[in-house]
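Below you'll find a set of structures to go through.
You will see two complexes here that share subunit A, one where it goes with subunit B and one where it goes with subunit C.
After this line comes the complex of A and B, so read on.
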């Protein structure tokens, strides 16, 4: 069991490295992967290459890997807590609310907070509202999910409304926030995400042992000496923080939170909630999606959120059609 | 408070009141589980027997009164400590796809383990002995979703056994099982009782309760109306009162427990 976890995580980490190398090498000006590796190990690179590699591509690759990991880890936590694979931050409206708040700050409706900070506030607000409306998360989280879906819809509508009411250049500035893109990230937000992700990952590992038994049912988990209520609060808190931090960098990139954990679960031991594996799988998905977005219509760039939506929807349908309804995660 | 590690931990309620959404289900109920015995809680649908079991297992908080484990309020003791003395097998349970019998039984060791500590030899021994007692050695590496209902239920009971608790609570352990599987599960429960465990189970089927329990608690409308050995508790009047059923009673020549025969619906309400 332990050995399989190590094996899976090592393989996925290698996958992240390969995807990152591909993302660093490919582009309008292709670089040779061996040259890229040499530049990293020895620092040996032409001035032009150093500019492309360290100034342009590396920050974007870092942002992609970190946001992918954060979205997928948040997704894995929420799916496990709600015992429902559809209960990802994107579907229950946390992304949408974070976006609405960020757009509000750009279009001048909001308070004088920077869009990334507003995204965090939005994520927390949506989760708090969903909690308040649902009253509780319920055994399988249905009331919470339903409240979240409603809040997400309202937040989406408000975003659209704000965009139709402002001048075109403000709407343009807000556009990346509505589709999800790695093009307009802020360095500060990426640094925050890196720190937050590290802490959240450790915290998630800290409750991982209890999440494993929570999958059997809340009652079983209580009988085994855990506190499902406290666990839910901790897990949700971590997931909300991760989502807010990731949206602050990349906007609402859909499907990574859903498909990352799905991918991780399919290769992980069934007795373990695949927290680390989900984060790594999410990083791979995000890197590949962003790379595809840069390559497909080059030199035009397709925002990563659109790539994940186009590639993710058929995948989601396939999962839904293939699986017996009501099965445990 | 008595010694937590005493051979016979006691589980009792004092003036227990349980409620769902402000609707009182159980009122002023006091009982003490007989140590080392199998107690069956019986009664019609909605009489509060499952609620009582959930109260005893600290899954739900009482609305009044208290549940006492070894004389101390169960909700004031660390849940993990409680889980080392008291195991619960609820009806509401599910397993991730592909989980093997051994994985499941291993979860019974949860309250005995710590963060990142690999399973100790003691954990492994407990899992092996639980698998052996439930006659699941051959199936240990099989995913749960490939087993029959009876085998699966035995695997869940084995998980509770691996928890190594002197007290075990079971919520309708034989529901949805056919006769053969029911007997399989009941015999496993008797086998557990023979090791000195104190067991309480909610049972729908009164004849099975008579056959396999040492002690019956009959509930109606959130209160205990009769308690004692099956022979003392099960009378024609009680069966009529609980279920609206007329019957005749015989003594089982094999076990001496009451046998219900000629059951029919009461004509007068």
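After this line comes the complex of A and C, so read on.
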């Protein structure tokens, strides 16, 4: 059991490395992968290559891997807590709310907080609202998800409203970011995300054992000495933190949060919540989606959020149509 | 009963008068009265004839179209949450219009049929999804599937907007949903298909009412469910396509209008359709008037207002403990 987890995680980590290498070498100016590897190990590279590699592509790849991992880890936590595959941050409106708040801080409507902070505030607000509106059923069941859909719709409308009220240049600048893109990331937000992801990953691993039990049933978890309410609060807090930080870098790329855990679950041991594997799978998906977005219509760049939406929607539809009502996860 | 009919007759008139006499500019009710008595200023005359009359007329038509198509879809899918905006019908016609503008055509005469073809495709997808669900049908899941479909179609629309700057500028405000600044010609271009859709609505009302009792009942009464379904889909596509061509993809109107109509008149689809004739335009005109007043001297896009008002209504409907299955 333990060995399978190690094996899966190693394979996925290798996958991340390969995807990152591909993302570093491919582009408008293709670089040879061997040359890229040599540049990293020995540091020898022509001036042009160093510029492309270290100034342009590496930060983007780092941001992609980090946001993908954060979204997918958050998605995995939320799905496990709600015991429903649909309960990812994107579907229950946390992404949209974080975007709305961050856009507010960019367009100067809100208070002078930096976008990452505002995105966090937005994510927390949306989650709290969804909880309050769901009433007694808590995170389980459809009222929670539909409340989230409603909050997402309102947040989306507010974002659009703010974008129509600013000058057209500002709206155009903010546009790729509102659909989810790695193009307009800020270095500061990425650094914050890196730190936050490390902490949240450790915290998630810390509660991982309890999550495994919670997946069976709440009574079993209580019987084994886990406090389900406290666990929910901790897990949800981590998920909100991760989503807020990731939205601040890349905007709402909600489908990674759905697809990453899905992919991780299909290869992991069924008795365990695949936390690390989800994060790694999310990083791979994000890197590949961003690479596809750069390559498909080159020289035009398709935002990664649109790539994942187009690739992920059919999958979500499939889940919705095939999932039997009684079976959660 | 009298109170109810008072609301039914008084509110539409109030909405109509408000839409004609209130605005984000300086022309108010006083100027309108002066204009009617024959001595209004030139500014008031221009605002009334060129801006507010067409805007109100378009509001009435769009409200009618979206309200009735919401009622039809809800009856067909037996789902109180079914709505053209949520289910991807509007998104389908938005995508079709975007593709058409990308190809370089932008005359109002072509926009309407193209939008209707897109709406038809969206409708077909939704009904296919509803069919594939089979016996374990579940109202919320159909809506989530529709929202996913809607998201997919809207991402394709954004993709086109990214690819082509000219298209983006032309539809940036249309995509948010608004009925301001439209011309009479745009309204006239949609009228024939609206009339046709009205006719087919009258045709399917009775069969739909019997289908509410079960498909077997409908078959026993001599109706063919397959044909009824086809007619309903065509009607919804005609209505939603025309409304989207005029006002852009508006969310939640098709949800709110039949909901209110049912609250007034009970669950019978025939009565609901009749009530939608009054409720649809009323809701849309009131929402549009709010758009003009809330942030005067500028305006809110109509799509934003409908989302802000409609999303809480949707949550409320879901939260009711027993979801009516129609």
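Definition applied: the second predicted complex is superposed on the first by the 314 of 329 C-alpha atoms of A that agree within 3 Å, B and C clash if a C-alpha of one lies under 4 Å from a C-alpha of the other, contacts with A are read in each partner's own complex, and residues count from 1 in each chain.
Simple rule for what comes next: a residue touches a chain if its C-beta (ideal position, glycine included) is under 8 Å from a C-beta of that chain, and two chains touch if they have at least 3 such contacts.
For clarity, every value in this text was computed on a predicted model and none was experimentally measured.
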For A:316, select first, second, both or neither according to whether it touches subunit B, subunit C, the two together, or no partner.
second
Touching A:164 in the superposition: subunit B (first), subunit C (second), both, neither?
second
One more residue to check, A:146. First (subunit B), second (subunit C), both or neither?
second
Which chain makes contact with more of the residues of subunit A, subunit B or else subunit C?
C
Per the contact definition in the header, classify A:209: touching subunit B only (first), subunit C only (second), both, or neither.
first
Counting only touches as set out at the top, which of subunit B and subunit C does A:219 meet: first, second, both, neither?
first
Between subunit B (first) and subunit C (second), which does A:154 come into contact with in this model arrangement: first, second, both, or neither?
second
Looking at the overlay, does A:271 come into contact with subunit B only (first), subunit C only (second), both, or neither?
first
I'd like to know which partner A:4 touches here: subunit B for first, subunit C for second, both or neither.
neither
So, in the complex, the side of subunit B touching subunit A is made of residues 54, 57-59, 78-84, 86-90, 92-100, 103-104, 106-108, 110-111, 113, 115-116, 118, 143, 160, 163
Complex contacts: residues of subunit C adjacent to subunit A:
129, 132-133, 136, 138, 140-141, 143-145, 147-149, 151-152, 155-156, 158-159, 162-163, 169, 172-173, 176, 251-252, 298, 300-301, 303-304, 307-308, 310-312, 314-315, 318-319
Along subunit A, where are the residues that touch subunit C in the complex?
86, 91, 133, 135, 142-143, 145-147, 149-151, 153-154, 156-158, 160-161, 164-165, 168, 171, 175-176, 179, 297, 300, 302-303, 305-306, 309-310, 313-314, 316-317, 320-321, 324-325
If we count contacts the way the header does, which residues on subunit A are in touch with subunit B in the complex?
1-2, 83, 139, 206, 209, 212-213, 215-220, 222-227, 269-271, 327-329
